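The structures come next, written out as structure tokens.
The same chain A turns up in both complexes below, where it pairs with chain B and then with chain C.
Let's look at the complex of A and B:
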């Protein structure tokens, strides 16, 4: 009695849900999306509200466009060459200390641009560089390239490692030298990853305020700051912000476009046998990256440490240092609960009530990561200010939202929700759907399931998300600068403020703390990747 | 009665997964829903559990309407235990916490007592402190069963509970699961595509096809007296011979057999191969046996399938123990020794296998 009808497993029951019922969870995702992305609507709306606002600042726009273009081209080329080159070096060649170098090259991720700028400005004289050399387009390009190349490096390296070794061997069999094979086969095959990395680096460049401000580059973020604090012209700031976001979107569109329809699917496996370097080549392969990491991470840490000691000894520490440190820790700590909590609601809401609507809500809610912090700041203040005045009129409670940290928390949520969501959602996706159903069948409602099943199961993902949010808020500068309440200075602002006044020793200790905190998630990232690799 | 379904329907897009199902079970019944993959049986289970909403019809659990007629009771309030295909044990909880998961609203003492009882039922008290990944496949299944039974549900639903187990383990575990369910006096609905499993495990088998229950009866009924050709061939091999029915008997090439009196005229006579007996030498059973020549033989160890050609040229299969050994060309006597079924003639309605 053998009847061949069995097709075991392969069912995806939840995906079959047909009706779109707007239940509480779907409504939650929509609400989060509206609250998080809603403020961004004021950006384009500013052109309608006040079409001529920018004409008062006619000089700013051409400067901003030119400075931005120079930066994008320079940083794009710099990170492309440096990131891809280093990735190729550790992927296709072997030399003593390679495993160590492979991960050391990620460390610059922990170095915020403005902290490195502080180091560069403060020690330029010691190595015979004029301040004018640092405060130039070339200086800015160099600084951005040095702190942002890891994006390209990480993505290119992952792509190289996933390439099938036999493709390179095939190229060599067709008579190409090893170097040519790398350039003609390996690099083009990794092109989507490399361009994706460059796009990330350029997004960070566009979003940066601290570095360009300290170096006197007249980019968009700097112009927004001037218009906001110099002239208090809200609409002009919003319009500049809209243009900056447009450039970011164009960049992302360009990245999609160059990726095109090509699919570079590879049949996995460790890449080709790496070439063992010997003699001078091996020494250079080890010393070069080491020198780079020393320059970008080690030297600044040592210098900042020395300055910190000086500042404490000589009483140069700003009196507000303790307050700033406390503010930073409080803001970053409370942001963990807020941003990770919202991310969890969003991710679980979509899981509990999967539909086109909740999927769209998630995409909308995570849009803020592409929006620079200064733009988020000017965008959230409009609806918050409006709400504030309504509340004040109704209850006479004074300005509750804009004059306090509430505005900051809203801005952090808009800006970093995507970061936390990514991590939380990846964790949730690993939990089989049948666990949800098993728990519900046993009498647990959705919230109970979340608390008793999902949260314990995805605790590591929640922790990672919290860590990322914590360090991002710690080093966040432009949004904090624009939205902080009186007396609400943070470590990042302390660094920036002291550096603008050339008080490098005063800036050193807060900067050191920011970098040290930033090293934690980089360390976690390295450990996680190592575990995956082994 | 624990569960009743009235005219339940469910479609996904243009696919009618469940097309009007009526089903009733209760009082410690162990019912199997048997059907090929894609017949809607898993959807039926998920409708009862509350993971899907029916488009039409009503579902009643423990006397209360839980779906239909404007009522919707979420799964957590239905008092239903479910055993999933992959068991869906909570990996972060020990065996005891898994088994007691559905008892969170009870007092601590009661929770401990019921958890212990459930684990004792599946004989896993000694593994109460283990984590699911430290258990064997069979033990995991027993934990899933204990977890579903602990809150004393109205009904336990089992979704292909043996399909992720090694074939050699299955037979033993079936017996074990059956005795656990019997001991717990649980009403259970089991979904499977495995005929052997359905027939050997349950009191009743509901055969499902294209979203409908084709036949609902005891294992003996659905196997021995299937109501149509599709159920006949889905449940096992069958020989179909043309015959004529009249007055409570049917006449065909292999003889005359009693059938229910309400069938008359030209019919298909359905005989399972194990009811076709072979012998040699002096005709056993006198004139009730017929001549035949062996034309092929498939040997399976525990049995053999012998193809015999009758004088008319029609070939019939005979399943018997692996002895005596027949060879092509052997002249044999053929007779029927077992139940015979008669169906209204429908030449085209054959399942493709």
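Let's look at the complex of A and C:
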């Protein structure tokens, strides 16, 4: 805390000094912001370019709005209840195995929705569940709730643990029962965190393509795919994308707003004395969450493992499996260098030349986090495609941008820069500014300082950023599907394609790999938070 | 900021760009000597005929797989710059779209005219059918007698209330089916038929395989509509699979048949080799290989069906009217939205 305050305090004079001119670092941040967020301009521009595009698809928009609203309400309620309930359970009660349960409940973060959908569709018959039940709004709400509740759980838990215990004691002293005290005091106090978590879960729901497509939900991302590859109308796709982004940005604003309030809402207590559960209550408190994690993580892993073995034995492995695995690793690996590199430039640029302009540039550059992958894809392909044909006309180089992975990398950068930036920036903020000044005083220039002082100091933050980018790219589906060059199938694509054909065994091995890779950053997250906790 | 660091930043940026491009070259470079095929059939492990073609003709082929509409969209946006030499689709709609967009090059070939019957090829030789795919009524053998439903219209009979299962209305096979019905029966009659289907509150599922499995499991599904090769695959796995086809409209026009086809890309610079590949794949021998692999029927009526589908018996085909149905694709989508076939 002291470090942050010191840094914040030290920022003002520097800001005042450098506002007068735009130096190279400020120019860098502005350039990065323009390059990353630039393509998104085509979204609203599509309404100007062809105002009537959507009118050919009457019915699509109302359907998308209704389906999206149903999903948002359902998933919002589901994650709210499940995430908050579980967080309250592990924060205010104690039972044998609580320390394990506390962290196991985070594991569903590693399960992409479309992989769980593959599991649900493929094994629905075995447990007597009709396919039509899985492929319903209720099924979709259940699936999203199960894989997204950890967002609410994590934030609510952090909020509960930081609450002052004496407030709860006071409430009990005033005659409230323990349950009432929790509902009337603890939960309202954690409200900003809970709403923030729900907003994140809903943003993920809006951005999803795989799950809604496999379940036949007529939501926005599915509608975008439909007008693009059913009617081949990119303008209509762009306009649908613009509406979707508007909804997402509203949620993002809600999340930012509540997070801002959360900082003041917390009283910095050390949490209340937890209540020791005994007997049946203790068993239920342990078994309930365990069952949940078994259903969401363990059972799918076992089933996918069994199907993988079947697929290898019966020769049902997708013929392009090896290529897909290689492509996934290459794309994810190269994205680390690109996205983390750009994030570092951006974060350091703002530090080296802090000003209102560079602050704004950062906000613009990281806006892509709120833009669903399928929307990023349409937004990227239109300007790149145009540029590509101009380039080819001028130089005869063939389609360098849209025919290759360049388009994909642009999309990944737009989409995941915020993720990398947050880690990198948090790391940089921890480095006292006095170090910068000292190093500069010894005659190093800014870049020298970055390379010799900061990069070594924030190596763990860079690693975390890299890991996050790597796993996100591994499981990314919509942008990859829409922008991949020919022969550029990835594991995620292999899962989706095989699942649309109901070839569950073929889909299993690539899905298994995605989940296993996804478990790594979740494991790191758990280790890190454990260290902070102890 | 010093000049040195400015140069360094520029160098760093350039390094990133160069790195990305090197990666691209590694990831996507193809050999210039290859014949590039955009094939929607690649999911079914059907590269065999391409491999034998390469062996016999000494021409390397490189297959890029994808969904048929996606391949068409790619071909269209790549325009004259495309690397593709040959397009293979799994349905007539995308052949028609590619033909209309001028993406396919007309061929004249006596061999092709012999191997592919008229009606299953473009009169101008821009595309040729390889295999045909019947889309017909499926019934549970445990709950439905063979003669209970014999026509597509019959699926609208109230007796199938809550017992009918359909694949989603976004499926290309369903859209092509409806477009073909519009072309042949007219829109009002087609609309009436679909409305009666929808009156039966059909269960909508995600794939033909799901429909077949739901028919086998009960699950509120006793009759459905799917392509027959999916049933062939199920029967190959389990010879007692409790679902059987009903050849629809045998007293009338016949059972709706879609086609998987091939054409040479207009912008190809290897027209000769591309044409040889088309002739090779469309030959009765290779039609047989393709049909065997996926339990389909050859475009050439002499191609033998696999054992699994031969037991379904012979049937009267009603080949899709590609030009007619193609013109009604948009109408079909609109109509299906109107009647609520989601």
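The rule we apply is simple: the second predicted complex is superposed on the first by the 499 of 534 C-alpha atoms of A that agree within 3 Å, B and C clash if a C-alpha of one lies under 4 Å from a C-alpha of the other, contacts with A are read in each partner's own complex, and residues count from 1 in each chain.
In the analysis below, contacts are C-beta pairs under 8 Å (C-beta built on N, C-alpha and C of every residue); 3 or more make two chains touch, one makes a residue touch a chain.
These figures come from a predicted structure and were not determined experimentally.
J.: I'd like to know which partner A:457 touches here: chain B for first, chain C for second, both or neither.
T.: first
J.: Is A:445 contacted by the first partner chain B, the second partner chain C, both or neither?
T.: Both partners, chain B and chain C.
J.: Determine, under the contact definition given at the top, whether A:59 touches first (chain B), second (chain C), both, or neither.
T.: second
J.: Figure out whether A:399 sits in contact with chain B (first) or chain C (second), or with both, or with neither.
T.: The answer is second: A:399 touches chain C but not chain B.
J.: On the A-aligned overlay, A:131 touches which partner chain: chain B = first, chain C = second, or both, or neither?
T.: Touch status of A:131: second partner only.
J.: In the superposed arrangement, does chain B or chain C reach more residues of chain A?
T.: Tallying touched residues of chain A, the top partner is C.
J.: Between chain B (first) and chain C (second), which, if any, makes contact with A:338: first, second, both or neither?
T.: It touches chain C, and chain B stays clear.
J.: Does any part of chain A touch chain B in one structure and chain C in the other, and if so which residues?
T.: 445, 448
J.: Under the stated contact criterion, what part of chain A meets chain B in this complex?
T.: 1, 3-9, 11, 13-14, 16-19, 432, 434-435, 437-445, 448, 452-453, 456-457
J.: Any idea which chain C residues touch chain A in the complex?
T.: 1-2, 4-6, 8-9, 12, 16, 19-21, 23-24, 26-28, 30, 38, 42-43, 45, 47, 62, 64-67, 69-70, 72-74, 76-79, 81, 83, 97, 168, 170, 175, 203-207, 209-210, 213-214, 217, 219-220, 330, 333, 337-338, 342
J.: Taking the complex as given, what residues does chain A use to touch chain C?
T.: Where chain A meets chain C, its residues are 23-25, 28, 59-60, 63, 121, 125, 130-132, 135, 214-216, 218, 226, 228-232, 318-320, 327, 330-331, 334, 337-338, 341-342, 345, 352, 385, 389, 392, 398-399, 402-406, 409, 445-448, 485-489, 497-498, 500-503.
J.: Within their complex, state which residues of chain B touch chain A.
T.: Those residues of chain B that touch chain A are 11-13, 36-38, 42, 46, 49-53, 74-78, 80-82, 84-86, 88-92, 101-102, 104-105, 147-148, 151, 160, 163-164, 193-196, 234-237, 353.
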